[in-house]
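Once you've had a glance at the structure underneath, I'll fire off some questions.
Here the chain labels run A, B, C and D in written order, and each chain numbers its own residues starting at 1.
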Amino acid sequence: MSFVIFIKRIFHRVYVACKAENDVPVGVNRTWVKYIEKGEFPHTKRFFSVMRCNHCEDAPCITICPTSALYKRPDGIVDFNNERCIACKSCTQACPYDAIYIDPETHTAAKCNYCAHRVDVGLKPACVIVCPTEAIVAGDLDDPISKISQLVAGNQVTVRKPEKGTIPNVFYIESDNASLVPNGFLLVDKESGVTSSRVVQAVKKKFQFKKRVKN
Amino acid sequence: MVDWKWPEHRLPGYIKSHIHTDGIESEKGEFPLVPTFRLPTLIHSRSGNAKWLAEISNRNPLWMHTSDADRLGFKNDDLLRVNTEIGYFIVKVWVTESMRPGVVACSHHIGRWRRPQDPVANRWATNSVEILEIESGKWKMNVLDGIQATEGEDSDLSRIFWRDGGVHQNITHAVHPDPISGMHCWHQKVRLEKAHPGDRHGDLFVDTEQSFQVYKDWLANSRPAPGPDGLRRPLWFKRPLKPVMEKFYLK
Amino acid sequence: MFRPLKKSFNLKKESKIDTDIKQTARRVYDAPNKGILWDWEVAGYIFTKAIAAGIIAFPFLFQMTGLVKVADSVLFTVAISSLLFLGLTGILLIKDLDQPKRFLYVLLRPNWTSWLVKGGYTITAFGGLVTLWCVLKYFDFPIIADLIVWPILILSVLLAIYTAFLFGQAKGRDFWQSPLLSLHMLLHSVVGGSAALLAASMFLPALMPLVPLLKEILIWSLLIQLLSFAAEFLSSHPTEDANKAAHMITHGTFRTAFWGGVVLLGNAIPLLLLIGKLRIAGCSRGLSFWY
Amino acid sequence: MSLKPKLGLIEKFAEGIGLIPKLNFEDGKIEPMNDPGDLSNYPPPEKWDDWVEYEPTKWSRKIKRHYTIVPTSCFNCESGCGLLSYVDKETGEVRKFEGNPYHPASRGRICAKGPATINQIKDPDRILHPMRRVGKRGAGKWERVSWDVVLDEIAAKIRKAIKEERNNEITYHVGRPGHEGFMDRVLQAWGVDGHNSHTNVCSAGARTGFALWDGFDRKMPDFANAEFILMISAHLESGHYFNPHAQRIIESKNSGTKIAVMDIRLSNTASRADHWMATYPGTEAAVLLAMAKIILDEGLYNEAYLRNWINWAAWLEADHPKTEISFENFILKLKEEYAEYTPEFAEQESGVTTQAVVDVARQIGRAGSRFSSINWRSASSGNLGGWQIARCLQFLNVLTGSLGTKGGSLPSSWNKYSPKMPNPPPPQKYWNELHFPKEYPLAHFEMSFLLPHFLKEGRGKIDVYFTRVFNPVWTFPDGFSWIEALRDTEKIGLHAALTPTWNETAYFADYVLPMGHASERHDIISYETHAGKWIAFRQPVLREVARRNGKAVKYTYETNPGEVWEEDEFWIELSWRIDPDGSLGIRDYFISPYRPGEKMTVDEYYQYIFERVPGLPEAAEKEGLTPLDYMRRFGAFEMEKEVLELHNKVLTEQQLYESLS
């Protein structure tokens, strides 16, 4: 199973459909959209990329997970079982795509699992059916006549960080490299986020908004 | 249009806007402010209780082109005081190439607030503010607290990672009724300057006497009914809740 | 406890992308950052593990190779203290988990491809053998005790460097993919162990005979350590992220911690002191903590 | 094929002796709907009564959840896209929202705000009971009251006002449109000119500009078949009906249609466009007229359309009495009229390069009848004279003959169905000066944002003021003038805020009446989103589930959380109590069309409407359902697929006769 994502048609829909389907807590995401801008006025361009787990063929998160809480299903989906997970967080270090987070509610690792609970019932993933511009196509790459196989064969597709050798299964069409590479996981100039439960107190302390004395 | 005292507009034409460059002195930091662009993920003032929407969009900085920022010496994330006709508001600046030089814009939807005495609600998106009427008609809003991660029935409340409640810009806009279409012409002529000491992001000030004066000035440009044969309004124009025929005529 | 992104951890300085808006692509929107996931507990247990491996390896090695006659009392204290440090490592390992009650799953639901499992079994085996050795020694079965000394020595080396393989499996971290990592960890263990023993020798007279040889080893290992830093930081790294990480250590946020703590306090000063015949050797321990 | 990791020996042994808990048991297996590989988007309607899915949050245990799926329409913007609500049979609560595949406009695909309705329903700070203020208005103290108390107190005040002929002191101010037909009927039943809206802080500029051409104040661009699209808006991400429109814009873009966007900033829409024309705000009309000039000069205009549909003879007579009336002269005079709008002038005014102006103009000319354009707010709502921008935009449609054509812009009411109401009341005999003052005869529509200033000038007073899902203090300009007006009990006697959530205006209300969200209220929706004509239904889903389980429900607040109600029933109940003895003649407009003398129920109201929707009774018949039940089941119905070229259709005798009456 794999995804093809049309960069040119993305907007902000995937967030909420995924969160609604899987009750993903605030602060962490299974799939998210990243914007980058390039060029000078009036030739400025903005590119969007939907980021998520790439369900890799040779998934580093599966090799490093001590209790095989992360495992590959025969249909290719990299699924997780949060009852086996001891939350050692080594998978979050192993994933070159920053796709795994620690769920602050269940204190276990979690990530996009291709809505396996929907696929097993015969439904497409939640982010696929919500998108008004059908920017995300899901399907079986091994089936040569499926829409996704034709798309991947017929178009110029790119994947994120192929040099990591994980053989990712999410293909991007008409994408822009600067927006695909998470460029320096370490050097994120993002606002501080929220992950395992221990972060909650820290976040509160750190961002204490200076209470103003009522004048 | 001829029947309704606007012969000069009988054909499709070009009218110079109230924020045309003729009336803008850019060297004094004056700009046209476009306050109307919307975000795909929010609803005017009803998405304050939708946590997943507030999580995606929780900032409304002032968009400004790099050349304007260099000219006026502003850097990204600086606090600016935006002076409108009837007051001012304090906002952060977002320096970007995706903006037309000579124009600034600030998004709608964000800058919700609640006063300490109001019921606690929309905690995902509201600043807590105090509203003071310094003298009659002179209103000051001070931001006491931004958006805080708090404890609550919904455990997500403790995971709020955004602090910026934004700024309520609409309240500092004077009314601009277009003499023909009756439309409120949203754009404002503003003068930008660095925020004064003690200004906090989201603070604002409005003088309602001044805004009443602006209302009277714009009202003066209108050309009132009656139109042909004493009509208040063209009969073939749409009108919600059409009254009986004779009510269309001014006695 | 998790340390959030401290203000001093100023990322803006490093990411030169953001400064010049015109030429390069600029990230204008992204999901919130996940913060630091492996924190001081991980650095902590590398440190305690290195010492646990180091302090037992030298006395037993000297004893078996006959380089220096080592009294049984010394072997005993060294074995016990190594177990102590091993226990500390275990506690830190469990504390780092968000599901501490499930720590047994590492051993009882093993996924053998993961170096966390192999490492876990190494620690268990090493701890078991050392305890067995103490029991045998205590109940006076010297022959069998000597038999298991060699496996202990081999395990102690593996104990010292298995974390490098684990970090190597973390493909998301380019800086950890460098082949030098296992060498670094070995050196940590050697430096850590010898320094600890030297420091202990000031209180335990029985360790006196080992001191000259230990000093030799410490001097050479500190030298090699400095060389390894040079190798790591002077040469460029295969990927941009690794370069940035190296740059952060040498010039970025960890600059003071690296040059001040690791290089100066941890290696240069002890080296000079040792060459100048004085006995202060504990401070090199700081080295592995920062690395 | 097992979908879980194989268990190792050590694990089996350890679980065996109880060292670690057993993890590998599952609740049950659900047979997949179709064979692996081909997945469908939505469960088929036959399974909507008892749809079985796994619980995603306990996925490792494979716990089965049973859902009843009930369609409704989204309430989070003006598009009203179709939603499917999944009601968990065990907990009886809504679990999530997805798109409704049977909704002709949104076709099962929705934006981010649709599924977020679940947050609004489960919001911990929700208003669950009617509140009445204690102490001064705006002091922030509230007490809980019952619906009966609220209805009696408000009804009494309205009855007194109507009895004393103070009909113009009752105002119903609406923010998010909805219940349009319903509310006009209620207000005209009361005989008050009480409707006030937010149109003139939204789209009055564009509406006036469009209406001046042909009386239709909105245009419906047929994006699906367009060859060139010009947007003075950000319609891929926001704006009226942007979700249905965005779907069709991207579909035509994929098959080669070029898009031009006029916007002062690089919106997400502009970054998708082939041409981003970054005009200085307010100068769009100059660029549009320069393009019109190029189309005229280069003969790209549609002569047949102009000759046939434009009052060119009347214009020549009025403006150029001396010249002889001929189409050629008309074109000549037109070119003279717009001679000054050269591309260079456009560049000097707006900053858009002449090359871009010429290039886009030619593409518009070549697109001919398949040129569709849209402007809802942005430039025409931001600038003085903004209405001319919309007028010039339609001028390009007129020149290329792309009005009412396939791929062009259609007059909006062709694609909007207006329902037939039971016993419609006569028009009211009052004209409310506070809403339609003399000074603005051409305004589209009420001068809503000047209300506080009119009150300050003493032009009138409001005795009963309903703010229905409407937050002027925050959304309107000059919010403090609103606070000053709302604070003054002389100017506004009673202020009732009908709102699903707290907002800045409700802080200054006397009554805060909690009304439901998308899945907690009734309404019908029919908007012009594409070249068809459809009607959709918004319904309180928990009430529908109760009905399907055979439980009798009298009022919607019985099934909504807390005492959250809905507006239809509130207004029927209120009207019934305004005229308890029928003496004011209001009550007979709220008599049930099926049970004479009885009070109309909301089900009967919608049953009456759906029975008169062309084509619906027949479609319901096929499914063996009544029209109302059909709408309850599928949530939407498309009356006509292709509503095009109506202006070219030859009218039948019958239609001609009808148009005279």
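The rule we apply is simple: a contact is a pair of C-beta atoms (placed from the backbone, for glycine too) under 8 Å apart; a residue touches a chain by one contact, two chains touch by 3 or more.
Because the structure is predicted, anything quoted here is derived from the model rather than measured.
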**Report entry** Taking each chain's C-alpha mean as its centre, the one farthest from chain C
**Finding:** D
**Report entry** Chain occupying the middle, per Cα centroid
**Finding:** A
Report task. Quick one: name the chains whose C-beta contact count is the highest of any pair. Result -> B-D
Report task. Go ahead and note the Å separation of the Cα centroids belonging to chain A and chain C. Result -> 33
Query raised in the report: Roughly how far is chain B from chain C, going centre to centre by Cα mean, in whole Å?
Result: 59
Query - Computed distance of Cα centres, chain D from chain B, in Å - result: 22
Report summary line: For the pair chain A and chain B, the C-alpha centroid-to-centroid distance in angstrom is 36
Query raised in the report: In chain A, what residues contact two or more other chains?
Result: 11-12, 15-16, 19-20, 27, 37, 40-42, 44, 46, 68, 84, 191-194, 203
Query - Per-residue overlap in chain D, given as positions that touch at least 2 other chains - result: 5, 111-113, 116, 237, 266, 268, 271, 278
Report task. Would you mind listing the residues of chain B that make contact with two or more other chains? Result -> 40-41, 51-53, 56, 96-100, 161
**Report entry** chain D - residues contacting chain C, complex
**Finding:** 5, 8, 10-11, 14, 19-20
Query raised in the report: Quick one: in the complex, what on chain D touches chain B?
Result: 76-77, 111-113, 116-117, 119-120, 122-127, 139-142, 175-176, 184, 187-188, 193-195, 197, 200-201, 204-205, 207-209, 211-212, 215, 217, 234, 237-239, 242, 263-268, 271, 278-283, 285-286, 289, 292, 318, 337, 341, 349, 351, 377-378, 380-388, 391-392, 395, 426-431, 436, 438-447, 449-450, 453, 456, 469, 471, 473-481, 483-484, 500-504, 507
Query - Interfacial residue positions of chain A with respect to chain C in the complex - result: 27-29, 32-38, 40, 46, 51, 60, 62-68, 84-90, 92-98, 101-102, 107-108, 163-166, 176, 178-179, 183-199, 202-203, 205-206
Query raised in the report: Which of the residues in chain B come into contact with chain D in the complex?
Result: 1-2, 4, 9, 11-21, 32, 34, 36-53, 56, 63, 86, 98-100, 102-103, 105, 111-115, 117-123, 137, 139, 152-154, 157, 168, 170-171, 173-187, 206, 208, 211-212, 215, 219, 222-227, 231-234, 236-244, 247-248, 250
**Report entry** Residue ranges of chain B touching chain A (in the complex, touch as defined)
**Finding:** 40-41, 51-53, 55-56, 65, 96-101, 130, 142-146, 148-149, 155-156, 158-163, 200
